[in-house]
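Next come two complexes, and both contain chain A; in the first it sits with chain B, in the second with chain C.
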Partner chain A sequence: MLANQIGYYSLILGLLFSVYLCIVSIKDFNNADKKVSTNIITLSFLQLAFVIISFISLILSFINSDFSNETVFNNSHTTKPLFYKISGTWGNHEGSLLLWLLVLTLFIFLFLIKSREQPKKYRILTLLFQQLIIIGFFLFVLMTSNPFNYLFPIPAEGLGLNPILQDPALAIHPPILYLGYVGSSIIFSASLAAVAQNYISREWGQHIKKWVLISWIFLTIGIMLGSIWAYYELGWGGFWFWDPVENVSLMPWLTLTALLHCILVLERRGALTSWVVILSITTFTLSMCGTFLVRSGILNSVHTFANDPTRGIFILIFLFILIFLSLGIFFLFHKENNKNSDTFFWLSKESSILVNNWFMMYFLSVVLIGTVYPIFLDVISAEKISVGPPFYQKLIAPFLAPFLLFMVFGPKLKWIKSKIENKSSLIIFLIISVILMFFILKNITTDLLFYTILISAAFLLFFTTSKELFFKKFTNMSQAVAHFGFSLFILSILFNSILSSEITTNIKVGERFNYNGAEIFFKKIEQDNKSNFSSIVGYFKITNKKGKVIELKPEIRVYNQPVIITSEADIKTTLLEDKFLVMNIVKGKKYFNIRYQVKPFMLWIWISILILSFGGLMSLSKKKYEK
Partner chain B sequence: MYGKKVKLRFLFLALIIFSVILSVFLILQSLKNNVVYFQSPSEIKSLIELSKKKIRVGGMVKNESISINSDEITFVITDFKNEINVTFSGAVPNLFTEGKGVVAEGFLKDRNYFLATKILAKHDENYMPPEVKEALGVK
Partner chain C sequence: MKNKLSLIIFFIFLIFCFIIFYIGLDKPKIYIPKTNIERNLPVFKAKDFSSNTYIDSENIFAEENYYIVNIWASWCVPCRKEHSLLMELNQNKLIKLIGLNYKDNLNNAKKFINELGNPYNQILIDNDGTLSVEFGAYGVPETFVINKNKKIIKKFVGPINRRILEEIKLIIK
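This part shows the complex of A and B:
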């Protein structure tokens, strides 16, 4: 009860601080003093503190199961384990927006204390733009989705959290993803401020690169966590489904990756200034669009907590204001820097980064159109369509091979002007990998030509990056690690998609069936009762060709509050492959619906993404080290 | 006539325009072939021509219509005006139950018979796909 009040009023105080901060910083902007007044930093800290207090109060309400709070009532239950009571705080619309705010204020505070050597006017403008976003979100939270709504009479029991969200990976997925999503807000504000101050320069590139890297690392890991969760919890048996909600997180990732590369050009050569600004604006806009699409209920998914049209309209208006504001600032203030001409020699690192950006933009437009087109068609013609995975695969896969080849050559080139070196060794590698892949793939796939080209390109990249990584030390370790991770990722995905196999069947207890030489025996079922669910556990014995036996125990859980049935897949993970078994019940029938999958290299997909983000982390620490 | 720099820039611009046109063309072409339309049983009944393309059918699973054997599951999707028989072999989602909403993806064999390749997962008991809601006329 008390926590509720404290939370609500600290939110309002936070908003007031925002307004006050704006006034103080406008005053300070014209002040002759060289330094940003310490008042501003203190105020920004206080604002952060109030949002933290508000967030902690919400967590406390969840822990204490205070059902006088509407959000707690809607999303919690006394029988829920403590861990999920806490993670339930951001497992709903209101709480997750509070988390948005928390990250927004956290980032601007960190920005202020970490950018002391930057020009004062630039820092203040960044603060102003960021406060604009923060005010927008404060209003959004307070007006349309207040997490501290009071309920009377106080209900005795809550409605419970959607059971599929009660999962460790999903408990940390939102905060990590948000750090990436919302982290891009600081890039947005900073680039607008830099444009207004005509400060887009090599120094600025060096300074903003850190923030781009931080966002990128969190976004990468956040997407991975969501993907891992979907893999074992939704029982779809894969790691990526081109679901609109997944696409929405992939789009800012693509622009952020493009930005990450072209910041390097800005840092080294002071070129591509407009493009960097456009990418910064696009990244944050796409993050906001993602929030809009997911929150407004236009897209159907687990993320759609509540379909309240006013929320959608609010975000839409806010989004338009931000887009127009940023484009206005861009066109009014941006001056092309003619000192460093934008024409590059065709064979240089900069032009290869441009090529990378082209590919990224192409991938982005494919994903964007595939995600948005159904919505438009629905609005225009009321026709209901959906765009499935074949669309994306068809359009992205053919361009992956040239993309990978550019990734092999690009990093080897020098800045400004370069010659092709080690031509012969690269060509030999290429021939070796094509021949090797041809013979490996000959017997396992029908689409031989296509996969041979694609996989040999991936293999070539794998080969060259690992050579760089293990033999040529201290060249550019972070880049080598990240690219190595990426090549491993592509290889794992390709082999995974070629070699995966699955069977779905309906089976009764005590029956057995054969699949690919393995025998699957449905031994028994057992019932088990936990505090917030009861489960049916199936015992399956799988004997493979060589007589090796493994046991898989998939579960069907019936949660008590809300009453929802979920299937918990059981997965046996080894270095080479995952064995995945999920069981479903068809109400009132004796048959169980079983899906058994063998998925090679699943583990490597996750490992390679970790390597990829570790590369980013290395680059981040390197920058600090040099200073 | 023009300097080398201008020529180069022109070439660059032409290349960009060309690649943009190419990619838009590719995307639209692929979109045309890969979209899946959603139809209700009533809409299917009134079809003049059966398309061979993949479609989605949505509605409610008719009560006492599910029957299951070791190879396949058959059931009836109804929108309370018309209905269609569905045969499916594959994994069913948790909430696939009689009397609840369902969306099936697959191919039409004729106006009364649908061969499903996928049944789409829903996430909670009360959730109804918007398509189904609309097809059923529920507000």
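This part shows the complex of A and C:
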């Protein structure tokens, strides 16, 4: 009750502080003083503090199961474990927007205290642009999605959290993802400020790179967590479904990755300024656009919490204000510097980064079109279609092989002008790759030519990046680690998609069946009761060719609040493959429907993403230029 | 000059996007495949299951009633599953149930009906499957709901279950 009030009023105070902060900043902007007034930093801290208080109040309401709060009532229940009561805070529309605000205010505060050596006007402008976003979100939260709505009479019990969200990976997925997704706002504000101050320079590149890296690392890990969750919770055995909501997190990742590489050119050569600015703007715009797409209910997805058209209209208008504002600033103030990309020598690091950009832009446009095309078609012709994985696979896969080949050569090139060195090792690697590919594809007949090229390219990239990583000490370690991670990622995905196998069958307790030389025995079922669900656990014994036995215990859970039946897959993960078993009830029958999948290299997909982000982390701790 | 023109085009494009999204917000989000939208009944001639004579489609759908066309075959396993529900649907006097026997052996089909009961008011023979295609079917079983204006208003792919049965009852009310 009290927490509710405190939360609500500190939100309003936070909004007032934002407005006041803007006024103070504008005054300080014209001030002759060389330093940003300490008032501003204090105010920014207070603003952050109020959002934190508001956030903590909401968490407390969730912990205390205070059902006088509408958000708590809609998304919590007394029988839930404490951990999920807390994670329920951001597992809903209102709470997650509060998290948005928290990240927005946190980043601008950190930016202010970490950018002391930057020009004053640039810092203040960044603050102003960020405040514009912050005010927009304050208004959005207070007007359309207040997390502290009061309910009277107070309900005795809440409606409960959607069971598929009651999961450890998903509990930490939103905060981590948001640090990257919303964190990109600071890149947006800073680049607009830099454009307006004509400060896009090598020094700026060096300074903004850290923020790009931070966003990129969190976004990468955040997407991975969501993907891990989808893998074992949704029970479909895949890890990426090209669902709109996955796409909207992938799009900023693609632009951010391109931006990360462009920044290197800016930092080193002072070139590609337009690219840097456009990519900075696009990244955050895509984040906003993603929020619009999944929150307005214009697309159906797991993350569509509620379909309230006023919310959609608000974000839509806000999104376009930001787009027009940023484009206006870009066209009015931006001066393309004379170091144009036309002057790049074709065989140089700069050119290869440019090529990387174009690939990223291609992948981006495929994902973007696949995501929004159904909306356009629906409005224009009233025809409803849904775009599925085949679309993305068909359009992305053919471009993956040349992309991988470019990645083999690109990082080896030197700045300004270079030659291809170490031709002999490349040729050896190529031969090894082709031989390996041949052995792998021996037993597979589909799409042979296509896979031939793709797998050879992936192997070639893997060998060259491994060589960079393990045999060349003291060079560009962060790049070597990240690229090695990426090549491992591509290889794991390829193997996973080629070598996965599955069987779906009906089976009774006590029965057994054979699959690919392994024997699957359905031993027994048991009942189990927990505070928030009761479950039927199936005991399966799987004996493989060599007589090795593993046990899998998939569950069928019946959650009590709200009553929803979910199938929990059981997955046995080993270094080389995952064994995935999920069972379903067939109504009115004695048998269960089970799906058994063998998925090679699943673990390596996650490991490689971690390596990739670790590469980013290493780059963050490095002070020097990229060589 | 060229730059300005591209700028204007770009802005127009953005405004276009805005409008599309804006209109898109108001659109209903329930996915209805196009085949579900009202369609005219095909006009055809078909052999009757019991009398083995040809009948015009106008004579089949002559009464002012709701019709349900169910495509079935004796070799189709899911059809057995839905059969009991069709028997239940037959109790409803507001509906006429038309069976469309799809690419079937006549003797097997008769055995099927004798064994499980006949829920249909009339059964038509569709030996080569063309009639089902004209209805817009993908396979067996499929069920079409036809309203009093002789339009196909709903189509269910696959065996009908309890939920679909309730939905059909709701439509007919």
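By definition in this document, the second predicted complex is superposed on the first by the 617 of 627 C-alpha atoms of A that agree within 3 Å, B and C clash if a C-alpha of one lies under 4 Å from a C-alpha of the other, contacts with A are read in each partner's own complex, and residues count from 1 in each chain.
Simple rule for what comes next: a contact is a pair of C-beta atoms (placed from the backbone, for glycine too) under 8 Å apart; a residue touches a chain by one contact, two chains touch by 3 or more.
Bear in mind the structure is a predicted one, so any value in this text is a computation, not a measurement.
Enquirer: After the match on chain A, would you call chain B and chain C a fit or a clash?
Expert: Overlaying the two structures gives a clash between chain B and chain C.
Enquirer: Who touches more of chain A, chain B or chain C?
Expert: Counting contacted residues of chain A, the larger count belongs to B.
Enquirer: For A:535, decide between first (touching chain B), second (touching chain C), both and neither.
Expert: neither
Enquirer: Have a look at where A:386 lands relative to chain B and chain C in the superposition and call it first, second, both or neither.
Expert: In the superposition, A:386 contacts both chain B and chain C.
Enquirer: Looking at A:573, would you say it contacts chain B, chain C, both, or neither? Reply first, second, both or neither.
Expert: Neither partner.
Enquirer: For A:78 in the superposed arrangement: first (chain B), second (chain C), both or neither?
Expert: A:78 contacts neither chain B nor chain C.
Enquirer: Is A:358 in contact with chain B, with chain C, with both, or with neither (first, second, both, neither)?
Expert: A:358 sits against chain B, while chain C stays out of touch.
Enquirer: In the overlay, answer first, second, both or neither for which of chain B and chain C A:146 touches.
Expert: Touch partners of A:146: none, neither chain B nor chain C.
Enquirer: Should A:366 be classified as contacting the first partner (chain B), the second (chain C), both, or neither?
Expert: first
Enquirer: Go through the superposed model and pick first if A:274 touches only chain B, second if only chain C, both, or neither.
Expert: Neither: A:274 stays clear of chain B and chain C.
Enquirer: So, A:39: does it touch chain B (first), chain C (second), both, or neither?
Expert: neither
Enquirer: Run through 7-15, 43-51, 97-105 or 133-141 for chain C and report the one that clashes with chain B in the overlay.
Expert: It is 133-141; the other listed stretches have no clashes.
Enquirer: Would you tell me the residues on chain A in contact with chain B in one complex that are also in contact with chain C in the other?
Expert: Residues common to the chain A contacts of chain C and of chain B are 300, 383-384, 386, listed in rising order.
Enquirer: Spell out the residues on chain A that touch chain B in their complex, using ranges where they run on.
Expert: 162, 164, 234-237, 300-302, 341, 343, 358, 362, 365-366, 369-370, 373-374, 383-388, 390-391, 394-395, 504-507, 511, 556, 562-567, 582, 584-589, 591, 593, 595
Enquirer: Which of the residues in chain A end up touching chain C in this complex?
Expert: My answer: residues 292, 296-298, 300, 307, 309, 312-313, 316, 320, 323-324, 327, 331, 375-376, 378-380, 383-384, 386.
Enquirer: Quick check on the complex: what are the chain B residues that touch chain A?
Expert: Checking each residue of chain B against chain A gives 5, 8-9, 12, 19, 23-24, 26-27, 30-31, 34-38, 54, 56, 66, 68-73, 89-98, 121, 123-125, 129-131, 134.
Enquirer: Touching chain A in the complex: which residues of chain C?
Expert: It is residues 7, 10-11, 14, 18, 20-27, 29, 31-34 of chain C that touch chain A.
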